[in-house]
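What follows is a set of structures to go through.
In the two complexes below, chain A is the common chain; its partner is chain B in one and chain C in the other.
And then the complex of A and B:
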């Protein structure tokens, strides 16, 4: 069968669009994996000791010995960026995975069973969403004291509500479908229906949202650290590094630029990945 | 501008040598189909299940990326622009045509709306997207179009969510939205299949009105030759992806030339045969007393069923007929335990009950092969623990229902309507039920497939002595198939 040239051209246009998106996704996945590897092993491959104070080398410009220069305490900025990557990135990943899991479980229960449980959980989400998330996180983190775990707890307290509402609405629409009713008549338990029938249909939406939230979570954790209620000095973390270095920004701008650039690159990679996954799903 | 060679009538859509296949499949669905649609006419495409009728509409719409036009052209010629080949346009450009230029009434009303948003909100959104929303005129226009479609309480329909409406009501609401949009080309895929006679006639009248008053060009896919004759200017008969016959609607119906067309016409008529008087069974297998059901929507209460009592005897086929929205499906769901009645009792007398749903495609998980559903019911309901034994029983039932083994590894979207319906029957039978509930089981099938399914259900009833409750809006079908018929209106038995 000879293929009409025009139809082939049209088919090629559609195919190339999908190919571009998939290529973009693969590149972003590779970049994300590189970032995750750096975050994992960064603390062990630093060129210098990230916590060693050196009074002679304070606020030194980038050189062969200190690739990103030194900060106000003479510490190697490059080493601190590498050491802090793990806390920032894995902290954000843990936050996203935990909030997505909690939100999905609660949203599924609300959507599937409804009734009093749904009412109570939805009123709790309304309560959580009444406060701007960052303001609530600052209050909770401030009360709980500093540290990465308290920052994750503070951000997670209202972070699950996004997934809960999303999953609830998807479950409510799916549970009325004929194949769910047929599954009930086939003797499937509620758990089986939720796990085998409903969750596979909604996991795509949850993953897309979660990937997009990684970048936002990195900024939030860094933001709390910047305010002094997340990870605190001398612990290497990008947000606290920016907070520490901003006082001497005119004298040692590299101490601010390096962690800022690290946040920018990481957030861009994960945000682009989330957008690409959404475009492919659409 | 395209013109028909034989007359001065303008050709609105010209399909030439269309070869269509689906992604992931090597089988060609349409084999070089060519036809013209004259501006302002209604072209009816008729054929049995799996003939490629819906694929024609999907190809013209161009929004289903799995439906691939491998060869051919689709030239559209509107008044506002020069002729364009739809097959050369990008996806985003084709999407822009949808709504004002090309409208679509989907076959499966369950898929037409988002289940948890009200009809009013979804209509407003669609009208806004097409720059047709006028706040001060919307309510009056919307209620008028719903009234013309046969709804007695349009305000209630607008405030309802799709899951609160029956299948037939959803189909009418989907059609009404297209009437509001008034596209230049309307593609209607089985617009009256799930509707009772009265509602179907109203929709048919609206399709005719759109053509006469607004000059809308329409392509209507249907298995109902009567509808095609009533509204169609021309008819195209499709079989296995090829055009068998085409021409003026009245000519084809009065004087069909091809044998296949004659076969379709004979399958379309259901004769009410005098039935052999069966010895009356005294053993009751199901008894329902004073069943009532009320839905709560916010502060509003809707009484869906009121004081329904019925009895089913062993081996009996009981028919329930009634208009869309009279509560037939709700009653069946209460009988099989999917819904709890607000009032009343049901005694199943120890019998297992299974149901065949209205849409065979929607009653299977869209991403899983159908054999998994059959396997599940054997494990959970029939209690068959051994995997090999389950496979043997599945193969046996497929053989009884004339289904090829290879079909069970396919997903529901890869099966035809008739095949999917047979798998739904197979799944129900594997549970060894004493009672089978058929909820509009043949509504979405073409006439030839309907006939084969009805014959199959008759055979099952005769051989396995399974009692049946058969629900349909098609009174003739219910009367010919069932031993006894009850009629429902507004939630009551009349």
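And then the complex of A and C:
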């Protein structure tokens, strides 16, 4: 009797908790979409030209014309933050989506077919995990000579292993379920079984992991640009803006603080979203 | 372990081998020799760059085993010798950071779990969330602004003195301890939710006793793994922090080598980081199986 009552209470608590989490997720999705829109159109709606060097307006404090002030070349910091948003955010999204896709495909092949292919791919993931990810990314991006694509490639080289291992273990546990056996007995091809019966079961956990990786990916791409081996210098990007402006931090702190705040806000929104999605999935 | 190490060395070698740019050209131009086809060919011949890939790799691999990482393309000094002292300084930085973050995160997680959802727990969760969303370079730039420009308390350039270490260590430790806190807290909470804890509570044991006697022991093994894995993040993060504070560690050396296109030094850097990281993880695996003998039997059963 008491046990019954308690489990009912627990169910009610869980339900209301889930409701709160869902509301939070909707709010965060709206915020993330706003950020994505800003990042998408940011480069076209800047109040000033983000690349115009202005010798008279060097290191000017925030004013009505330059909302976040100007940097040591007299460029509008606000315009540069807006123009740089796309590089960082869409770069990170592209990185997450491509690594998740590659990892899922390879992980499915490994888990479903097993054998030599599985062994080879798993040894490669072991090898990738033996390198600290950022160290490998710095070396690859640095030797390749910088640029956004090289930075994404450098981070992606080891990024896919996370999804590959996750998907592989999920596929291995699913493929012995009786409904898969039934599908096989009724003459479904491997491709049909994978696409219709296995992928729908694992796509949820891949998405949860991918969402939690967005914030980290933004930090990585901005970090490589900060080191000068990501997005190249004249192109506005948050990490490289901080690096350019930190030398003149004493005179123009706003040129550092604005991109720092932009990174912080963006990463917070995506990290919050990742946490919430994971809580809901649990 | 040995096949893995061959893999690591192979990938490290491949990394530089496929890089656009010619090592012989680089070496000659840094020595101030006029570039001509003859001098280039002679240098290539001398450096063995004309040999097949696999021979070059084998040669390099065996010299690495003897502790010879080749010579720097920039100044001709042996890479192993050039890397040794900065590597030691990076290890000091990393170990100090690890000590600070472990202390902070452990104490905070312990107190948070003791009174879950209490005031302290909530405050710590917000703080850890904030620092989890701040990259190390943002933290360090902000700390620099606060402590070097606003209050002139610490030097901007860290040359290894005790005072100069404070900001680099803090810049690395704050984001890391935020991550540790979140992971330690969830590991400890998972342990708290187990049946034996409510049984101990029913027997009238104090929360504090249960925490120190049982929960910490149960959560110790996963915590060790978390710390081992974080060592990789730490090595990557120290490249950024060392560059910012001009700390003469291996990360700064690597960044300088990248801008000089000094391939052999970059190669040495990657190889050393991967070696240290794999050794640390091997060590944590061993400690884990000592702390939690189930892992061993699981592996045997499989």
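Everything below uses one rule, namely that the second predicted complex is superposed on the first by the 267 of 282 C-alpha atoms of A that agree within 3 Å, B and C clash if a C-alpha of one lies under 4 Å from a C-alpha of the other, contacts with A are read in each partner's own complex, and residues count from 1 in each chain.
One rule holds in what follows: a contact is a pair of C-beta atoms (placed from the backbone, for glycine too) under 8 Å apart; a residue touches a chain by one contact, two chains touch by 3 or more.
As the structure is a computational prediction, the values presented were derived from the model and not from experiment.
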Inquiry  = Just checking: does A:176 make contact with chain B only, chain C only, both, or neither of them? Give me first, second, both or neither.
reply    = first
Request  = Report for A:187: first if it touches chain B alone, second if chain C alone, otherwise both or neither.
outcome  = first
Inquiry  = Going by the contact rule set out at the top, does A:134 touch chain B (first), chain C (second), both, or neither?
reply    = second
Contacts of A:116 with chain B and chain C, given as first, second, both or neither = neither
More chain A residues in contact - chain B or chain C = C
Ask   = Once the shared chain is lined up, is A:197 touching chain B (first), chain C (second), both, or neither of them?
value = first
Residues of chain A at both interfaces, chain B in one complex, chain C in the other = none
Query = What residues on chain B touch chain A, complex-wise?
reply = 17, 19, 65, 68-73, 85, 87-91, 110, 114-116, 163, 333, 336, 338, 354-355, 357-359, 362-367, 373, 376-377, 379-381, 424, 427, 431
Note = In the complex, the residues of chain C that touch chain A are 3-4, 7-8, 11, 15-16, 19-20, 129-130, 132-138, 141-142, 144-145, 149, 231-233, 235-237, 239-240, 243-244, 254-255, 258-259, 263, 266, 269-270, 273-274, 277-278, 281
Key: For the chain A and chain C complex, residues of the former touching the latter   = 123, 126-127, 130-140, 142-145, 215, 219, 222-223, 226-229, 239, 242, 246, 249-250, 253, 256-257, 260, 263-264, 267-268, 271-272
Inquiry  = Give the list of chain A residues in touch with chain B in this complex.
reply    = 1-4, 6-7, 9-11, 13-14, 17, 169, 172-173, 176-179, 181-188, 197, 200-201
